Amino acid sequence: MREILYRLKDRYHLGTPTFQRTDLCFVTVRRDEIRAILTELRDMEGFTHLTFLTAVDWIEEQLFQLTYMVNNREANLSLGLRVLLDREDATGDTIHDLWPTAATYQRELREMFGIKFPGSPRVDEEFILEGWTDLPPYRRDFDTLAYSQQTYNDRPGRVTHDPKTHMQKTLYPSYPKGAK
Amino acid sequence: MVSPLLILAAGLGAAFLLGLLRDSSERMAFYLTVIALGFMSFVGLSWTVSLALGEAQPVEIYTAGARPPFAINLRMGLPEAALTSVVTLTGLLSAVFMRRDLMRLGRRAMAVLMVLIMALSGLIMTRDLFNLFVFIELIVIASAGLVLLSQDTRALGAGFKYLIVSQVISILLLVGVIFTYHANGSLNIDDIAATPMGFTGASLAIFLVLIALVLELKPFPANGWALDIYEAAHPGFSALFSAASGSAALFAVLKLFEAAGPDWAPLATGIGLVTFVGANILALAQDHDRRLLGYSSVGQIGLVLMVVGYGYDWDAGLYYVAGGLLISHAIAKAGLFWLSGLVKARKLSDWAALRQNPALVVAFATFIAMLTGLPPFPAFYAKWTLVHAMADYGDYPLIAIFLIAALIEAAVLFRWFGMAIKREAIRPLAYNLSHETVVLIAMTAGWALSFVWGAISGLDNLVTLVPLLFALLFLPLDILPARIKNVIAIAGLVLWFFLSKDGLDPLRLIFLTIMVLGGALLLLASFHAKGRRMGFYTPAMLMFAGMALLVTAETSFQFFAAWEFLTVGSYFLILRGHDSEPHALSYITFSLGGAFALLAGFAVASEGQFVIPLANLSEVAPEIAPYVFVLLAIGFLTKTAIMGLHIWLPGAHAEAETDVSPMVSGILLKAGLFGLFVLLMEMGRQELYGVDLTVLLVWLGAISAFIGAVLAAFQEDAKRLLAYSSISQMGYAVFGLALMNHLGWLLAMMFAINHFVYKSMLFLAVGGVKERTHTKLMYKMGGLITLMPYSFVSVLVGIIAMSGVPPLSGFGGRWIFYNAIMSTDLRLPMILIFMAGPVGFLYLFRLIHTIFLGQPKDELRKVKEAPFWIILPQMIFVAFLIAFAALPGMVLQRVDGYIGTLFGDRPLVWTGRIIDSQYGTWNPVAIWGVIIVVFVTVLLLLVWMNHNAQHVKQFNIVFSAERPFKPQTTHFAWNFFAPYRKAMGFLEMPVSTSFWTGVSNALHGTAEFSRKFYTGNGQTYAVQLMLFVVAVYLISMGASS
Amino acid sequence: MKDVDDKFRKTDTEVPLREELRPRKVTTPDGQEIDIDPLRDYFCEAKPKVHPKAYSKIVEDFYNWARANSLWILGFGTGCGAIEMRPLMTPRFDAYRYGIQWRPTPRQANLLVISGYLSVKTLKRAIRAYEQMPQPKYVMGLGSCTINGGMYWDSYNTIKRLDDYLPVDMYVAGCMPRPEALLHGFMELKRVIREGKGEGANKYAENFDQYKANQKAVIKDWDMPDYNW
Amino acid sequence: MTAFPNFEWVQIAYALLTLFIVINYGMVMTAVVRKIGARVGGRYGIPVWQNYVDLLKNIALRSKISHGVMYYLGPVFRLTGGVGLLMFVPTIYGSEWHQNFSYAGDLILALYFVFFGTLGMALGAGESGHPHSAIGVSRGLAQVTMAELPLALGVYALSLQYGTLDITKIVAAQQGSIFNWTLFTNPLATVAAMVAFVGTMMRSPFDVAMAPQEIPIGPPTEYHSSYLALMQTNRVLFPVAKTVIYMNLFFGGATSWAEFAIKVFCLYMISVVIGVVHPRFRVEQSIRFFLKWGLPLGVLAILTV
Amino acid sequence: MSLVQLSLATGFLLILLGLYGALTNRDIIRMIVSFTIADTGVNVVLVAVGYLPGREAPILDTIPVAEAASRITDPVPQALVLTAIVIGLGVTALMLAYAYRLFRARGSLDISEFTELKW
C-alpha cells in the first residue's frame, strides 16, 4: 500500500494518508488529478473495482467531499480517494468512462446532494425520488424533520422521549435511588 | 396479279429516282420513298392474301428469259409473299418512324433504305446462290449506311465492326459459293437440292455457304457486333435490322438448309439451340433496353433456326411453326424497337415513362406476350406444336432445354415489364404521334395475326373465345369510371356462369361457382375503388376468363391455353400491388415454369397427336404415364404453392391490392387444385421407380400443411401471414386429394370451398384494415375491435372456421379429414398433418390479437371502419359460413354422390341433417343447438350478475402497480411467438428460398461473367467469328463421323 | 415538541406533468391531425361509486361470511413487513386453512396489506393497487410505521399516517409484528367483515375528495388519473 | 326435429343433472386434491368447501369493470366450452340418463371442442389489453401445439384399433374385463395420450401459460368478480370433462357415478402427483419434451396398431 | 503443279494473308487494305475454279457462237468475279468512308479505341 502511495506521490499531489487498517487507507487528492490517479490505479495498480462513490457535506467549510473507494481484489487493498469540491455550484468530474457503474453513483449524488457531473449518462433524470422539488435532501441545509413536519400529518398522542432517561425509567425505575 | 418482280423494280426505281431529285426537296423525296414502300407492301400483301386464299398459285420468275442454271430465277410462294410483306411493311413503318432523321440526312439515306428493302425482298425471293450473295452484300452496304442515321456517335464504331465481320462472312460465302458451283455445276438452289451432298469432308463448300449464312443470323456467341448495332443504331433501323433483316436472312438459311439436305439439319438445330439458350442467359444481366432487345432478337432467331433444323421435313408444319415464331418475333421486336424510340433514356427502368400512355403499355404487354409465346399469339401455337413434335420424336432433353431457355427469356422480359410498371420514370415520354401510330399498328398486326394463326391452327382459335373478348372489351372501356366497369364485370361473370353451368359435373360446377360467382362476389369489394382504375379490369377479367375456360376445358390445348390466360391475367393483377415488382416477377417465373411443365406433360401424353381430350389422359401408355403424371403434377403444384415451389406466393399475395389478394388467394389457388383433381381423376395412382406418386403427394401436402403453418406463425405482416396460411391450407387439400379415396376427395372439396370463403374474407378484412391504417405490420396496430367491429367479426368467424373449432364449417373439414384418414394406410404423413392443426391456432390467434385486441395506438385512435364495399362481401361470407356450417349438405351432398360414382362407394350416409360415416357421426344442427343454448344461458347468467360493470379504457389495467407508459410498449405483439420460435425456429430455415436464390444467382453470375466475352473490339469479334466457324466445323465433323 | 429549526421552509413548486401524459398532436395514417389527451383518452375518468349492501340482511350476512372466509391478499410487499408474511404460508402458520391466499393481481384480491413503512413513491403504487381492487376491499396496516411513522417519524420521504391516504380497516401494531400477530389481525379483520363493518371501500368513495387531497398533498408529481379503475 | 333423434325434453333435465353432479364433484375433488397436497406438506390445508366460498365471494363482489365486448364474452366462451364438452361426451356408459347430447357428434367433435373455450378465453384476455395476458396466451398456445399432438396420435391409433370414432362404441368395446381397457390392449397409445393429458392440465411442470407470480397469472390477469366466478366454475368442470374423455377412451369408461368418481379422481391425481414433484418447464423446454417423448410414443402407437 | 492449282494456292494464300492482316493490324486503314487483299484472293480462287485448261475467255466477239460451248471456259465464274469485284469495291469504299468518319470523330484509327459498346 505504501509503495503504491510512494509511486503516486512522485507525480501527484497527495495529502497525508490516513491508514484505518493496513489494507484500507484514505488520502486526499486534488480535483484536477483525480481522473489521472483513478486511471492509473485501475490500469497499473490493479484497483479494478469501484466499490462506491459517495459524498459528505462539510457545510461548515463550505465544501463537499467526494470519496472514491477503489479496491484491488487480488491484493485485497482498498484505497479511498477524497476530493474536496466547492459547495457553491459543486461540480465533479464524471468517471463513467472508467467504471460504468459510476454513472449510477453520480446520478444519485446529483439527486441527493445536487453535485453536478456534466457528461454522465442520464445524470439529470430522477433516480429514486419522484417529483422532488425541494433542496437535495442529503444536503445538510435541508432540514428533514422540519420538512417532514410540514408535509406529513402526525398522529396525535405521539411522544418523544430522551432514549437514555426513558430506558432508564423503563428498565431501572429504582435507579438512582429515590428517583421513583 | 402484279408481278412480284415489281417489288424489286419499285425499290430500285425509287432509289434511282431519288438520286435524280434535288437535295433540297427532302419532303418530296420522303413521299416518294413512302409511296414506293407502300407499293412494295401492297404487292407483297396482295400476293400473300391471294396465295393464302388459294386464288393464286406460286410462281417462278425467270429473268433474262432463260431457265436456270442459265439465268437467275425468283420464286413467289406463300412463305415468300408473307415474309416480303413483313419486310416491306416493316420498311414502310420504319420509314415513317424515321421520318425526321431521313429528312435530315436527305434523299441519299432514303435511297439506301429503298435498296435495303429491295435487297431484303430479293433475298427472300431469289433462288440463285450467287444472287443471294449479291443481295447479302447489298444488305450489308445498305445497313452500314443506315447505321449512320443514328445520332449516337458510338454507332460509327458499331457500323465498322459490322463491316469487318461482313467482310469475313462474304469471303467465306464467296468461297463456299464457288466450290458449290464447282461441285454442282449450278448456282440454282433447287438444282443443288436435287443432288444432295452428304455430310462429309468433301462437302466443305456447302458447309461454308451454310455457315456464312448462319453467321448472318448472329449466332451465339459470334454475335458481339450485332449487339453493338442494336444498341447504337437508330431504333427505326434496329427494328428493320431485327425484324426484316433477321427474317429475310433466316428465310435464306431455310432455303439453303432445305437444299443442303437432311444431313445438315442438326447443324441448324444445334446452333439454334445454343443461341437461344446463350442469348437468353446473357440477357439476364442486361440493363440497357436496346441491347436487351438485341439479345432477345438473337435468341428468337436462334429459336427459329433450331426449328428450321429440327422440322426440315414437316413441310407446311415447318412454315406454321417457324413462321409463327418468326412473325411474332418480327412484329414484337420491331414494335419494341419503335417503342424504344419513344423512351428517352436507355435503362430498362426508364420504360416507366410508358405509363403516361396506357395504349403504349398495352402495346408493350402485347409485344412481350408475343415474344414469350403467350396465348393467343402465334408463337403460342408454334410453341405448342413444336413441343408436341419434339415429344413425338422422343427428344425429351431438347424439350427441357428449350423450355428452360424459354423460361429464362420470359423472366428477362417480365422483369423488364415489371420495371416499366413499377419504377418511376426519370424522363417523360417523347411525344410523337406518328411514332405511336406505328407502334399501335404493329400491335394491331400482332392481334390480327393471332386470329390468322388461330384460324389455321387446327386447334381452337383463342382470339374468338368469348371470355377473352370480354376481357379485351375492358381495354377500350378503361376510360369509364371504375364503378361502371365493375357493374359490367360482375354482370359478365354472372352471365357466363349461367351460360356455362349446364352439363358440368358437380365437382366442376363447384369450381366454376367458386371461380366465377366467387369472383363476382369479390368484385363487390372493387366498388370501393375510386376513379377509373385503369388497367385493373382487363387483367382481372383475363384471369377470370382463364379460370372459366379452365373448368370447361375438354382438351389439353384448351386447358393449357386457359391456364396461360389465368397466369398472365393474375400476373398483371399482382403487379398492380404496392412494392410488388420482385414478387410479381417470381410469380410469373414460377407460374410459367409450372405452365411449361404442364406443356411438356401434355406433349408427352399426346403421343403424336397435337391435342388430346383431357379424358384421354387415362389412356396414356403405362411406360410414360408416370412421367406425364410427374410433369403435370409439378405444374399444378406450382400453382397450389406446395412447399419448395412456394416462394413466389407470400410476396405475391401480400403485396397485391386489397381486393386482388382475395382473388389470387381465394380463387386462383383453386386452379391448381382443380388441375390436380383432373389429373388424379384421369390418371389415378402412378408408380415411378416403385414409388407411388400419390404417396409422394400425400407427403408433400402434409409437409406444406405443417411448415406453411409454422412459417405463418412467425410473420409480422398480416397479409404474409395469410399467404403462408394459404400454403398450409392448400397442403391439406393436396393431402386430401392424394389420399385417393372418397372421403379424401370430399375433404379436398370441403377445403376448396372453405378456403375460398374464409381466406377471401380474411384477406378482405385485413385489406380493409390496411386501407385505414396504411400498414400491414400487425404490431403497429392493436385494439381496433371497437373501431372496426365488422372487420373484427369477420376475422373472428374466419379464424374459428379456419381452425376447425365447432360449430363453424372448418370443423366439418376436420371431421371428414379424420374419417378420410381412417380409411387409408398412410400413417406417417398424418403426424405432420396432426402437428399442423394446432399450429394453425398460433397464427390465427396472432392475427386477431395483434390487430384487433390489445392496445390501440395513438395515431389509430380515430380510425374508421373499413369501407362499406369491402365489408359487404365479408358479411355475405360470414352468413355463408354459418349456413354452410349448419347445413353442409346443401353443397356437399351432391359432390359426395358424384365422388361416389367415381370411386363406386358410399361412405357417408345422409339422413336428414345428420351425416353418418362408417366411423362416426356429425350432426351439425345438434351441435349448433347445444352450443347456442349453453352460450346464451351462460351469457344471460353473466349479464345478470354483471350488468353494472364499469367500462374502462385501455390503460386501466393492473400493471404491477405501475402505469402503462405508452401503447406501443404495452401491446404485446412483435415476435409474438418468441418461445415457440426458440423451440421450433429451426423449421424457419429458408431452404427453398436459398435454393431458388442460388439458382437465380448462378444464372445471373453466369450471365454477368460470360458477357465480358463481348469486348467491344471489332477485331476480337472477327476472331471469335472465325473460331466459331472452325469450332462448328470440327464439332459437326466429329458428330457425323 | 417542535424542537426543530423553524427557519427551514419547504418549497412548494409545481411539478410539471410528465411528458407521456401531456396532450399531444398525432398525425393519423390518413394525414389528419388529431389531439390526444392521454389522461382522458387512455384512462377511465369515472369516480368510484358507493355500492349499497344487498337488499336483504340475510343475504348480506351470507355474503359477508363468504368474504370473511375467502380473504385474498394482494401479493404486494411495501416494506420490511413483507418478510413476515411469507411464513404464513408455511406449515407452521398455514394461513390457507382460514381461506386466506395470495393473489398476484389486484383484480382478484380483496385485502391490501401495507407491510411497513410507505415512502411517497410506494404510496403512489399502493393507491393505484388499492383502487384497482374490486369492492369490497380491505386495507390492513402493519407495524408502527403505518400507524404513526414509527422510526421514520422524521423522514423527508415517508408518510406517517396510512389512514390519511387509504381507509384502513385494521392496524397490527409492532415493529414488526410477528406472524402470530398477523394471524390475529386477520382473525380480527374477519370478525369486522362478518359484522358488516368492513366498508372501507365505500368510505373511500364517500370521502373521495378528501382522500385525494391528502394523497395529492404528498405526491407532488401526481401522474395518474384521479381514480385508477 | 331430425337433427335431434329421439329428443325428449326430459333429456335437458338429465343433462342439467349431469352438469350439476359434475360441477359439485369437481368443486369438492379439486379442494380435496389441494388438501391432500397440503397434508403431504405437513399443512392442514383448505377446508373442502373452500371452492364454494371463493365462488360465492367472487359473485358477491360489488364493483366490476369491463374492457369491452370480447372481454365480457371471454368467460362465456370459456364456460360454454366446458359445459359443451361435457354435453358432447357420454358420461356414464349404459345409462340412458347421462348420455347427454353425445349424438351430436363423435370423438372428433369432443377433441376440437376443447379449443372452443381456449380460443374464446384467449380472445377475451387479449381484449383486456394486458401484456401479461397476451404473453400467457402466446405461451399457452405455443405449448398446446405440441402437447395435443400425442393425444391426436393416440386417438388416431385408438380409433384404428376399434375401427370407430364413436365414444360410446369405444367404451362398449372395453367392457367385460379390466384387461379389455385400452390401457392394456394398447398401452402405447394410452401412454402417449397420458403425456398429452399431463401436458394440458395446466399444472406444473406445464403451467407456464399461467406462470403464477411471473406474469402475474397469465391470461386471467384482468378477470375478477363474476367473470372469475364463471372461470372458476369452468376450472373445476373442464378438467373433469376432459378427464371423462380420457376415461372413456383409455380406461373403460364408467358405468356408475361411483366408478366415475374414482376413476376421474385417480386420473386427475396423476397430473397432480407429477405436478408436485416437478418444477415448471419453460415453453421451449416443454415443447422439446413433447417432441422427444410424446411424439415418438404417439408414432409408435399408430405404427403398431 | 498445274496453273489451276497454282492460282488456287495463290488465291487461298492471299485470303489467309489478308485475313491474318485484318485480324492482327489494329490500324483501320491497314485492316481495310488487308481485306482488299483477301478479296483479291477470293477473286483469284473464283477465276481459278472456273478455269478450264486450254480454253479461251468467254468473249463471243472472237469466238463463233456455235463453237462457244466447247472453246470457252465456264463463263459463270467470270461473271461472278466481275460482280464480286464491283461489290468488293463498294464495300471497300464504304469502309474507307467509315474510316474517315471514325477518324473525324475520335482522331484515331486504332480499332481497339472503339470499344465503348460492349457487354
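The chains carry the letters A, B, C, D and E, assigned in the order they are written, with residues numbered from 1 in each.
Everything that follows uses one rule, which is that a contact is a pair of C-beta atoms (placed from the backbone, for glycine too) under 8 Å apart; a residue touches a chain by one contact, two chains touch by 3 or more.
The structure presented is a predicted model; accordingly, all values stated were derived computationally and were not measured.
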| item | value |
| --- | --- |
| Number of steps on the shortest touching-chain route linking subunit A and subunit D | 2 |
| Minimum number of chain-to-chain touching steps separating subunit B from subunit C | 1 |
| Centroid-based (C-alpha) most distant chain relative to subunit A | E |
| Longest centre-to-centre distance from subunit C, chain (CA-based) | E |
| Central chain (by mean CA position) | B |
| Averaged-CA centre spacing for the pair subunit C and subunit A, given as whole angstrom | 35 |
| Distance between the centres, which are taken as Cα means, of subunit E and subunit A, whole angstrom | 106 |
| Rounded Å distance, subunit B centre to subunit D centre (Cα mean) | 53 |
| Between subunit E and subunit B, distance of the C-alpha-averaged centres to the nearest whole Å | 50 |
| Numbers and ranges of subunit B residues touching at least 2 other chains | 950-952, 954-956, 958 |
| Junction residues of subunit E - those touching two or more other chains | none |
| Numbers and ranges of subunit C residues touching at least 2 other chains | 44, 49, 105, 107, 223, 229 |
| Chain-chain contacts as defined at top | A-C, B-C, B-D, B-E, C-D |
| Touching residues on subunit B, where the partner in the complex is subunit E | 69, 130, 133-134, 137, 140-141, 144-145, 148, 153-154, 156-161, 163-164, 166-168, 170-171, 174-175, 177-179, 181-182, 187, 224, 227-228, 231-232, 1011-1012, 1014-1019, 1022-1023, 1026 |
| Subunit C - residues contacting subunit A, complex | 1-2, 4-6, 8-15, 120-121, 124, 147-149, 153-161, 164, 217-221, 223 |
| Residues of subunit D defined as touching subunit C within the complex | 38, 41-47, 50, 53-54, 56-57, 60-65, 212-213, 216-217, 220-225, 228 |
| Parts of subunit D lying in touch with subunit B, wherever the complex brings them together | 2-5, 59, 63-70, 72-73, 75-77, 79-80, 83-84, 87-88, 101, 103-109, 112-113, 115-116, 119, 122-123, 126-131, 134-135, 137-139, 141-142, 144-146, 148-149, 152-153, 156, 159-160, 163-166, 216, 221-222, 225-227, 229-230, 282-284, 287-288, 291, 295, 298-299, 302-303 |
| Residue ranges of subunit B touching subunit C (in the complex, touch as defined) | 772-775, 858-863, 950-956, 958, 961-967 |
